[in-house]
Amino acid sequence: MITIEFLGPIAQESITIEASSLRDVAKFLQQDSKLSSWLDSLAIAINDKLTDNLDAPLNDGDRVSLLPPVCGG
Amino acid sequence: MITIEFLGPIAQESITIEASSLRDVAKFLQQDSKLSSWLDSLAIAINDKLTDNLDAPLNDGDRVSLLPPVCGG
Amino acid sequence: MMLEIFEGALQPKEIFSRWYDDECNANWGAFIPFVGIVREEDEIEALSFDIYEPILINWFDAWQQKAKQRGAKLRMAHSKGDVKVHKSSYVAAVLSPKRRVALELIDAFVEDFKANAPIWKYDVIQNKRIYAKKRSMPMNGAGLLAKKD
Amino acid sequence: MMLEIFEGALQPKEIFSRWYDDECNANWGAFIPFVGIVREEDEIEALSFDIYEPILINWFDAWQQKAKQRGAKLRMAHSKGDVKVHKSSYVAAVLSPKRRVALELIDAFVEDFKANAPIWKYDVIQNKRIYAKKRSMPMNGAGLLAKKD
(Lines give C-alpha, C1' and ligand atoms only; values in the text may rest on other atoms or scores of the structure.)
Protein backbone atom coordinates (compact mmCIF):
# COMPACT_ATOMS: atom_id res chain seq x y z
CA MET A 1 0.00 0.00 0.00
CA ILE A 2 1.15 3.54 -0.74
CA THR A 3 -0.24 6.83 0.56
CA ILE A 4 -1.33 9.68 -1.70
CA GLU A 5 -1.12 13.08 -0.03
CA PHE A 6 -2.81 16.21 -1.40
CA LEU A 7 -0.92 19.42 -0.61
CA GLY A 8 -1.95 23.07 -0.45
CA PRO A 9 -5.33 24.03 -1.84
CA ILE A 10 -6.53 20.54 -2.88
CA ALA A 11 -9.06 20.03 -0.11
CA GLN A 12 -8.85 16.27 0.21
CA GLU A 13 -7.69 13.81 2.85
CA SER A 14 -4.83 11.42 2.16
CA ILE A 15 -5.75 8.07 0.68
CA THR A 16 -3.98 4.72 0.50
CA ILE A 17 -4.02 2.51 -2.58
CA GLU A 18 -2.17 -0.44 -4.07
CA ALA A 19 0.32 0.79 -6.69
CA SER A 20 3.65 -0.46 -7.99
CA SER A 21 4.56 2.65 -9.98
CA LEU A 22 3.43 6.22 -10.53
CA ARG A 23 1.69 4.95 -13.65
CA ASP A 24 -0.76 3.07 -11.39
CA VAL A 25 -1.31 6.25 -9.35
CA ALA A 26 -2.01 8.19 -12.55
CA LYS A 27 -4.60 5.63 -13.71
CA PHE A 28 -6.29 5.72 -10.32
CA LEU A 29 -6.47 9.53 -10.10
CA GLN A 30 -7.60 9.96 -13.73
CA GLN A 31 -10.80 8.18 -12.74
CA ASP A 32 -11.57 10.69 -9.96
CA SER A 33 -13.71 13.47 -11.45
CA LYS A 34 -12.93 15.90 -8.58
CA LEU A 35 -9.20 15.58 -9.25
CA SER A 36 -9.07 15.42 -13.02
CA SER A 37 -9.03 19.23 -13.40
CA TRP A 38 -5.94 19.38 -11.17
CA LEU A 39 -3.85 16.67 -12.81
CA ASP A 40 -2.44 18.84 -15.60
CA SER A 41 -0.84 21.18 -13.11
CA LEU A 42 0.36 18.88 -10.32
CA ALA A 43 4.01 18.22 -9.58
CA ILE A 44 4.77 14.88 -7.93
CA ALA A 45 7.08 13.87 -5.10
CA ILE A 46 7.84 10.40 -3.81
CA ASN A 47 8.87 10.50 -0.15
CA ASP A 48 9.51 14.24 -0.48
CA LYS A 49 11.71 13.96 -3.59
CA LEU A 50 10.29 15.53 -6.72
CA THR A 51 10.18 13.24 -9.74
CA ASP A 52 9.32 13.48 -13.42
CA ASN A 53 9.48 9.75 -14.07
CA LEU A 54 6.10 8.09 -14.52
CA ASP A 55 7.78 4.69 -14.29
CA ALA A 56 9.31 5.41 -10.90
CA PRO A 57 8.72 2.25 -8.86
CA LEU A 58 6.76 2.46 -5.63
CA ASN A 59 7.33 0.30 -2.59
CA ASP A 60 5.07 -0.57 0.26
CA GLY A 61 4.82 2.41 2.62
CA ASP A 62 5.90 5.02 0.07
CA ARG A 63 4.26 8.41 0.20
CA VAL A 64 3.28 10.19 -3.06
CA SER A 65 2.67 13.93 -2.67
CA LEU A 66 0.72 15.99 -5.19
CA LEU A 67 1.80 19.65 -5.42
CA PRO A 68 -0.54 22.13 -7.13
CA PRO A 69 0.70 25.41 -8.72
CA VAL A 70 2.70 27.51 -6.27
CA CYS A 71 3.04 31.18 -5.50
CA GLY A 72 5.34 32.03 -2.62
CA GLY A 73 6.45 35.46 -1.53
CA MET B 1 38.34 83.34 -18.59
CA ILE B 2 37.23 79.83 -17.72
CA THR B 3 38.25 77.68 -14.76
CA ILE B 4 39.61 74.15 -15.11
CA GLU B 5 38.98 72.00 -12.04
CA PHE B 6 40.75 68.68 -11.40
CA LEU B 7 38.60 66.20 -9.45
CA GLY B 8 39.43 63.13 -7.35
CA PRO B 9 42.96 61.78 -7.50
CA ILE B 10 44.46 64.36 -9.88
CA ALA B 11 46.50 66.28 -7.35
CA GLN B 12 46.40 69.69 -8.97
CA GLU B 13 44.92 73.09 -8.12
CA SER B 14 42.32 74.68 -10.35
CA ILE B 15 43.62 76.91 -13.12
CA THR B 16 42.04 79.66 -15.20
CA ILE B 17 42.68 80.07 -18.91
CA GLU B 18 41.22 81.83 -21.95
CA ALA B 19 39.17 79.35 -24.00
CA SER B 20 36.17 79.64 -26.29
CA SER B 21 35.47 75.91 -26.61
CA LEU B 22 36.56 72.58 -25.16
CA ARG B 23 38.85 72.25 -28.17
CA ASP B 24 40.93 75.10 -26.72
CA VAL B 25 41.01 73.38 -23.34
CA ALA B 26 42.15 70.15 -25.01
CA LYS B 27 45.00 71.93 -26.82
CA PHE B 28 46.08 73.58 -23.58
CA LEU B 29 46.09 70.39 -21.50
CA GLN B 30 47.79 68.30 -24.19
CA GLN B 31 50.84 70.51 -23.69
CA ASP B 32 51.04 69.71 -19.96
CA SER B 33 53.27 66.67 -19.50
CA LYS B 34 51.94 65.95 -15.98
CA LEU B 35 48.38 65.69 -17.33
CA SER B 36 48.90 63.95 -20.65
CA SER B 37 48.77 60.45 -19.11
CA TRP B 38 45.33 61.27 -17.65
CA LEU B 39 43.67 62.72 -20.75
CA ASP B 40 42.65 59.39 -22.30
CA SER B 41 40.55 58.51 -19.29
CA LEU B 42 39.00 61.83 -18.24
CA ALA B 43 35.31 62.60 -18.54
CA ILE B 44 34.44 66.29 -18.91
CA ALA B 45 31.72 68.43 -17.37
CA ILE B 46 30.90 72.05 -18.11
CA ASN B 47 29.26 73.71 -15.11
CA ASP B 48 28.55 70.25 -13.65
CA LYS B 49 26.91 68.88 -16.81
CA LEU B 50 28.78 66.04 -18.48
CA THR B 51 29.48 66.55 -22.17
CA ASP B 52 30.92 64.55 -25.05
CA ASN B 53 31.03 67.47 -27.46
CA LEU B 54 34.50 68.86 -28.10
CA ASP B 55 32.94 71.86 -29.84
CA ALA B 56 30.81 72.82 -26.84
CA PRO B 57 31.20 76.61 -26.57
CA LEU B 58 32.59 78.11 -23.39
CA ASN B 59 31.59 81.45 -21.93
CA ASP B 60 33.39 83.72 -19.54
CA GLY B 61 33.10 82.30 -16.03
CA ASP B 62 32.36 78.71 -17.11
CA ARG B 63 33.83 75.92 -15.05
CA VAL B 64 35.27 72.83 -16.80
CA SER B 65 35.65 69.78 -14.52
CA LEU B 66 37.91 66.84 -15.34
CA LEU B 67 36.73 63.50 -13.91
CA PRO B 68 39.21 60.62 -13.75
CA PRO B 69 38.11 56.94 -13.72
CA VAL B 70 35.64 56.21 -10.93
CA CYS B 71 35.01 53.37 -8.53
CA GLY B 72 32.24 53.95 -6.04
CA GLY B 73 30.80 51.45 -3.61
CA MET C 1 19.50 27.46 10.02
CA MET C 2 19.60 29.65 6.90
CA LEU C 3 15.89 29.01 6.15
CA GLU C 4 13.43 30.42 8.67
CA ILE C 5 9.66 29.97 8.77
CA PHE C 6 7.53 32.31 10.90
CA GLU C 7 3.87 32.17 11.86
CA GLY C 8 2.30 35.40 10.49
CA ALA C 9 4.06 38.53 9.24
CA LEU C 10 7.84 38.81 9.17
CA GLN C 11 9.73 41.53 11.07
CA PRO C 12 12.12 42.69 8.31
CA LYS C 13 14.00 45.13 10.55
CA GLU C 14 14.73 42.41 13.09
CA ILE C 15 15.69 39.98 10.31
CA PHE C 16 17.97 42.46 8.54
CA SER C 17 19.70 43.45 11.79
CA ARG C 18 20.22 39.88 12.89
CA TRP C 19 21.50 38.72 9.50
CA TYR C 20 23.76 41.77 9.16
CA ASP C 21 25.24 41.14 12.62
CA ASP C 22 25.74 37.46 11.77
CA GLU C 23 27.48 38.16 8.49
CA CYS C 24 29.24 41.54 8.69
CA ASN C 25 32.59 40.10 9.76
CA ALA C 26 32.59 37.21 7.27
CA ASN C 27 34.32 39.30 4.59
CA TRP C 28 31.40 39.39 2.17
CA GLY C 29 31.50 42.35 -0.21
CA ALA C 30 27.83 42.44 -1.13
CA PHE C 31 24.70 41.67 0.87
CA ILE C 32 21.42 41.90 -1.04
CA PRO C 33 18.18 41.21 0.78
CA PHE C 34 14.96 41.04 -1.22
CA VAL C 35 11.99 42.06 0.94
CA GLY C 36 8.53 41.10 -0.29
CA ILE C 37 5.67 43.19 1.09
CA VAL C 38 1.96 42.39 0.72
CA ARG C 39 0.34 44.93 -1.58
CA GLU C 40 -3.13 46.31 -0.97
CA GLU C 41 -5.09 45.60 -4.16
CA ASP C 42 -8.34 44.00 -5.30
CA GLU C 43 -9.92 44.37 -1.84
CA ILE C 44 -7.64 41.88 -0.17
CA GLU C 45 -7.14 42.27 3.59
CA ALA C 46 -4.26 39.85 3.81
CA LEU C 47 -2.50 37.03 2.05
CA SER C 48 -2.26 33.61 3.62
CA PHE C 49 0.34 30.93 2.98
CA ASP C 50 0.62 27.16 3.22
CA ILE C 51 4.12 25.73 3.15
CA TYR C 52 5.18 22.14 2.65
CA GLU C 53 8.39 22.28 4.64
CA PRO C 54 10.15 19.00 3.73
CA ILE C 55 10.28 19.88 0.03
CA LEU C 56 10.97 23.56 0.73
CA ILE C 57 14.02 22.52 2.73
CA ASN C 58 15.24 20.27 -0.11
CA TRP C 59 14.69 23.06 -2.63
CA PHE C 60 16.53 25.56 -0.43
CA ASP C 61 19.43 23.19 0.25
CA ALA C 62 19.92 22.60 -3.48
CA TRP C 63 20.10 26.39 -4.01
CA GLN C 64 22.50 26.75 -1.10
CA GLN C 65 24.80 24.28 -2.86
CA LYS C 66 24.60 26.26 -6.11
CA ALA C 67 25.42 29.47 -4.22
CA LYS C 68 28.34 27.82 -2.43
CA GLN C 69 29.86 26.76 -5.74
CA ARG C 70 29.94 30.46 -6.66
CA GLY C 71 31.45 31.43 -3.31
CA ALA C 72 28.17 32.86 -2.07
CA LYS C 73 25.56 32.13 0.59
CA LEU C 74 21.76 32.40 0.75
CA ARG C 75 19.38 33.15 3.61
CA MET C 76 15.62 33.16 3.54
CA ALA C 77 12.64 33.82 5.80
CA HIS C 78 9.00 33.18 4.92
CA SER C 79 5.64 33.48 6.64
CA LYS C 80 3.00 30.80 7.02
CA GLY C 81 -0.59 31.69 7.83
CA ASP C 82 -1.98 35.20 7.42
CA VAL C 83 0.03 38.33 6.56
CA LYS C 84 -1.86 41.65 6.44
CA VAL C 85 -1.41 44.18 3.64
CA HIS C 86 1.71 46.36 4.04
CA LYS C 87 3.42 43.65 6.09
CA SER C 88 6.25 41.46 4.85
CA SER C 89 5.85 37.76 4.07
CA TYR C 90 9.20 37.03 2.42
CA VAL C 91 12.82 38.01 2.82
CA ALA C 92 15.55 36.35 0.74
CA ALA C 93 19.19 37.39 0.78
CA VAL C 94 22.44 36.63 -0.95
CA LEU C 95 25.89 37.25 0.48
CA SER C 96 28.87 37.16 -1.85
CA PRO C 97 32.41 38.47 -2.12
CA LYS C 98 31.50 39.63 -5.65
CA ARG C 99 28.90 42.19 -6.70
CA ARG C 100 28.15 40.48 -10.04
CA VAL C 101 27.56 37.07 -8.47
CA ALA C 102 25.32 38.62 -5.81
CA LEU C 103 23.15 40.46 -8.36
CA GLU C 104 22.81 37.41 -10.60
CA LEU C 105 22.02 35.04 -7.73
CA ILE C 106 19.37 37.17 -6.06
CA ASP C 107 17.53 37.41 -9.38
CA ALA C 108 17.75 33.70 -10.22
CA PHE C 109 16.97 32.63 -6.66
CA VAL C 110 13.88 34.83 -6.28
CA GLU C 111 12.55 33.83 -9.71
CA ASP C 112 13.02 30.12 -9.05
CA PHE C 113 11.49 30.60 -5.61
CA LYS C 114 8.36 31.99 -7.29
CA ALA C 115 8.22 29.07 -9.71
CA ASN C 116 9.30 26.10 -7.61
CA ALA C 117 9.15 26.65 -3.85
CA PRO C 118 6.24 24.56 -2.45
CA ILE C 119 4.28 27.47 -1.03
CA TRP C 120 0.61 28.18 -1.74
CA LYS C 121 -0.91 31.62 -1.60
CA TYR C 122 -4.47 32.59 -0.69
CA ASP C 123 -6.18 35.96 -0.82
CA VAL C 124 -8.01 36.80 2.37
CA ILE C 125 -11.18 38.72 1.45
CA GLN C 126 -13.93 39.24 4.04
CA ASN C 127 -12.23 36.63 6.19
CA LYS C 128 -12.43 34.01 3.44
CA ARG C 129 -9.28 32.26 2.20
CA ILE C 130 -9.31 32.03 -1.63
CA TYR C 131 -6.53 30.13 -3.48
CA ALA C 132 -4.65 32.61 -5.71
CA LYS C 133 -4.93 30.24 -8.65
CA LYS C 134 -4.37 32.79 -11.43
CA ARG C 135 -1.10 34.02 -9.94
CA SER C 136 0.17 30.51 -9.22
CA MET C 137 2.60 28.59 -11.42
CA PRO C 138 2.80 24.84 -12.01
CA MET C 139 6.15 23.61 -10.68
CA ASN C 140 8.82 22.17 -12.98
CA GLY C 141 7.67 18.81 -14.32
CA ALA C 142 4.00 19.39 -13.45
CA GLY C 143 1.38 17.38 -15.33
CA LEU C 144 3.10 14.00 -15.00
CA LEU C 145 -0.02 12.24 -13.77
CA ALA C 146 -2.19 13.61 -16.58
CA LYS C 147 -0.25 11.53 -19.11
CA LYS C 148 -2.10 8.69 -20.71
CA ASP C 149 -0.09 6.04 -22.53
CA MET D 1 16.37 63.50 0.15
CA MET D 2 16.71 60.06 -1.44
CA LEU D 3 20.49 60.41 -1.79
CA GLU D 4 22.43 60.54 1.48
CA ILE D 5 26.15 61.14 1.98
CA PHE D 6 27.77 60.25 5.29
CA GLU D 7 31.22 61.01 6.65
CA GLY D 8 32.85 57.62 7.34
CA ALA D 9 31.19 54.19 7.53
CA LEU D 10 27.47 53.74 6.97
CA GLN D 11 25.18 52.22 9.61
CA PRO D 12 23.23 49.74 7.44
CA LYS D 13 20.89 48.63 10.24
CA GLU D 14 19.87 52.23 10.92
CA ILE D 15 19.50 52.92 7.19
CA PHE D 16 17.45 49.79 6.53
CA SER D 17 15.15 50.45 9.50
CA ARG D 18 14.61 54.07 8.60
CA TRP D 19 13.97 53.36 4.91
CA TYR D 20 11.67 50.45 5.76
CA ASP D 21 9.66 52.63 8.14
CA ASP D 22 9.48 55.39 5.52
CA GLU D 23 8.29 53.08 2.76
CA CYS D 24 6.38 50.17 4.30
CA ASN D 25 2.95 51.81 3.95
CA ALA D 26 3.50 53.10 0.40
CA ASN D 27 2.15 49.88 -1.13
CA TRP D 28 5.43 48.74 -2.68
CA GLY D 29 5.60 44.99 -3.27
CA ALA D 30 9.37 44.64 -3.40
CA PHE D 31 12.15 46.43 -1.54
CA ILE D 32 15.69 45.42 -2.50
CA PRO D 33 18.61 47.07 -0.74
CA PHE D 34 22.12 46.38 -2.00
CA VAL D 35 24.63 46.68 0.87
CA GLY D 36 28.29 47.08 -0.09
CA ILE D 37 30.77 46.06 2.61
CA VAL D 38 34.52 46.75 2.51
CA ARG D 39 36.39 43.46 2.08
CA GLU D 40 39.64 42.74 3.86
CA GLU D 41 42.15 41.89 1.12
CA ASP D 42 45.61 42.87 -0.11
CA GLU D 43 46.55 44.30 3.29
CA ILE D 44 44.14 47.20 3.10
CA GLU D 45 43.03 48.69 6.42
CA ALA D 46 40.25 50.76 4.94
CA LEU D 47 38.93 52.26 1.74
CA SER D 48 38.59 55.99 1.37
CA PHE D 49 36.25 57.89 -0.95
CA ASP D 50 36.11 61.28 -2.64
CA ILE D 51 32.72 62.32 -3.99
CA TYR D 52 31.93 65.14 -6.37
CA GLU D 53 28.44 65.85 -5.12
CA PRO D 54 26.99 68.17 -7.82
CA ILE D 55 27.44 65.58 -10.58
CA LEU D 56 26.50 62.70 -8.28
CA ILE D 57 23.20 64.46 -7.59
CA ASN D 58 22.58 64.96 -11.34
CA TRP D 59 23.41 61.31 -12.00
CA PHE D 60 21.12 60.13 -9.21
CA ASP D 61 18.25 62.40 -10.29
CA ALA D 62 18.42 61.04 -13.85
CA TRP D 63 18.17 57.49 -12.45
CA GLN D 64 15.30 58.50 -10.20
CA GLN D 65 13.44 59.68 -13.31
CA LYS D 66 14.10 56.37 -15.09
CA ALA D 67 12.84 54.48 -12.03
CA LYS D 68 9.74 56.66 -11.79
CA GLN D 69 8.86 55.87 -15.41
CA ARG D 70 8.75 52.22 -14.38
CA GLY D 71 6.65 52.96 -11.28
CA ALA D 72 9.62 52.48 -8.97
CA LYS D 73 11.78 54.54 -6.62
CA LEU D 74 15.47 54.56 -5.72
CA ARG D 75 17.31 55.43 -2.52
CA MET D 76 21.02 55.54 -1.93
CA ALA D 77 23.54 56.20 0.82
CA HIS D 78 27.31 56.48 0.37
CA SER D 79 30.31 57.22 2.56
CA LYS D 80 32.94 59.86 2.01
CA GLY D 81 36.31 59.65 3.73
CA ASP D 82 37.59 56.46 5.34
CA VAL D 83 35.63 53.23 5.81
CA LYS D 84 37.36 50.39 7.65
CA VAL D 85 37.28 46.78 6.44
CA HIS D 86 34.05 44.92 7.34
CA LYS D 87 32.15 48.22 7.47
CA SER D 88 29.66 49.38 4.86
CA SER D 89 30.36 52.23 2.43
CA TYR D 90 27.37 51.91 0.09
CA VAL D 91 23.67 51.10 0.31
CA ALA D 92 21.43 51.40 -2.74
CA ALA D 93 17.79 50.34 -2.81
CA VAL D 94 14.91 50.01 -5.21
CA LEU D 95 11.24 50.02 -4.25
CA SER D 96 8.70 48.81 -6.79
CA PRO D 97 5.21 47.36 -6.97
CA LYS D 98 6.65 44.67 -9.24
CA ARG D 99 9.27 42.06 -8.43
CA ARG D 100 10.65 41.93 -12.00
CA VAL D 101 11.12 45.70 -12.25
CA ALA D 102 12.81 45.75 -8.84
CA LEU D 103 15.28 43.00 -9.74
CA GLU D 104 16.14 44.57 -13.10
CA LEU D 105 16.53 48.07 -11.69
CA ILE D 106 18.77 47.17 -8.77
CA ASP D 107 21.13 45.40 -11.18
CA ALA D 108 21.21 48.20 -13.77
CA PHE D 109 21.43 50.92 -11.12
CA VAL D 110 24.31 49.33 -9.19
CA GLU D 111 26.24 48.57 -12.39
CA ASP D 112 25.84 52.10 -13.74
CA PHE D 113 26.75 53.44 -10.30
CA LYS D 114 30.04 51.55 -10.53
CA ALA D 115 30.72 52.91 -14.01
CA ASN D 116 29.44 56.48 -13.86
CA ALA D 117 28.93 57.85 -10.36
CA PRO D 118 31.63 60.49 -9.71
CA ILE D 119 33.21 58.76 -6.72
CA TRP D 120 36.91 57.95 -6.38
CA LYS D 121 38.22 55.10 -4.30
CA TYR D 122 41.54 54.88 -2.46
CA ASP D 123 43.09 51.94 -0.63
CA VAL D 124 44.33 52.87 2.83
CA ILE D 125 47.50 50.91 3.53
CA GLN D 126 49.73 51.84 6.45
CA ASN D 127 47.82 55.09 6.72
CA LYS D 128 48.60 56.03 3.12
CA ARG D 129 45.79 56.80 0.68
CA ILE D 130 46.47 55.14 -2.72
CA TYR D 131 44.15 55.73 -5.69
CA ALA D 132 42.56 52.39 -6.70
CA LYS D 133 43.44 53.01 -10.33
CA LYS D 134 43.25 49.40 -11.56
CA ARG D 135 39.71 48.92 -10.22
CA SER D 136 38.50 52.27 -11.55
CA MET D 137 36.55 52.75 -14.78
CA PRO D 138 36.63 55.71 -17.16
CA MET D 139 33.16 57.28 -17.19
CA ASN D 140 30.96 57.28 -20.31
CA GLY D 141 32.49 59.60 -22.91
CA ALA D 142 35.92 59.69 -21.27
CA GLY D 143 38.90 60.62 -23.43
CA LEU D 144 37.30 63.64 -25.09
CA LEU D 145 40.24 65.93 -24.38
CA ALA D 146 42.79 63.46 -25.73
CA LYS D 147 41.39 63.95 -29.24
CA LYS D 148 43.62 65.74 -31.72
CA ASP D 149 42.03 67.09 -34.90
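Order of writing sets the chain letters: A, B, C and D. Residues in each chain are counted from 1.
Methods note: a residue touches a chain if its C-beta (ideal position, glycine included) is under 8 Å from a C-beta of that chain, and two chains touch if they have at least 3 such contacts.
In this text the structure is predicted, and so the values were computed from the model without any measurement.
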Min route length, chain touch network, chain B to chain D, equals 1
Chain A to chain C, mean C-alpha position gap in Å, rounds to 24
Separation of the C-alpha centres, chain A versus chain D, in whole Å, is 49
Dist(centroid_CA(chain A), centroid_CA(chain B)) in Å evaluates to 70
Shared-interface residues of chain C (touching two or more other chains) are 36, 99, 110, 114
Multi-chain contacts in chain B, i.e. residues touching at least two other chains, fall at 73
Checked against the stated definition, the touching pairs are A-C, B-D, C-D
Listed in rising order, the residues of chain C that touch chain D in the complex are 12-13, 16-17, 20-21, 24-25, 27-41, 86-88, 97, 99, 102-103, 106-107, 110-111, 114
Listed in rising order, chain B residues that touch chain D in their complex are 7-9, 22-23, 25-26, 29-30, 39-45, 48-52, 54, 65-73
Chain B partner, complex, touching residues on chain D are 36, 49-52, 54-55, 58, 78, 89-90, 110, 113-122, 131-133, 135-149
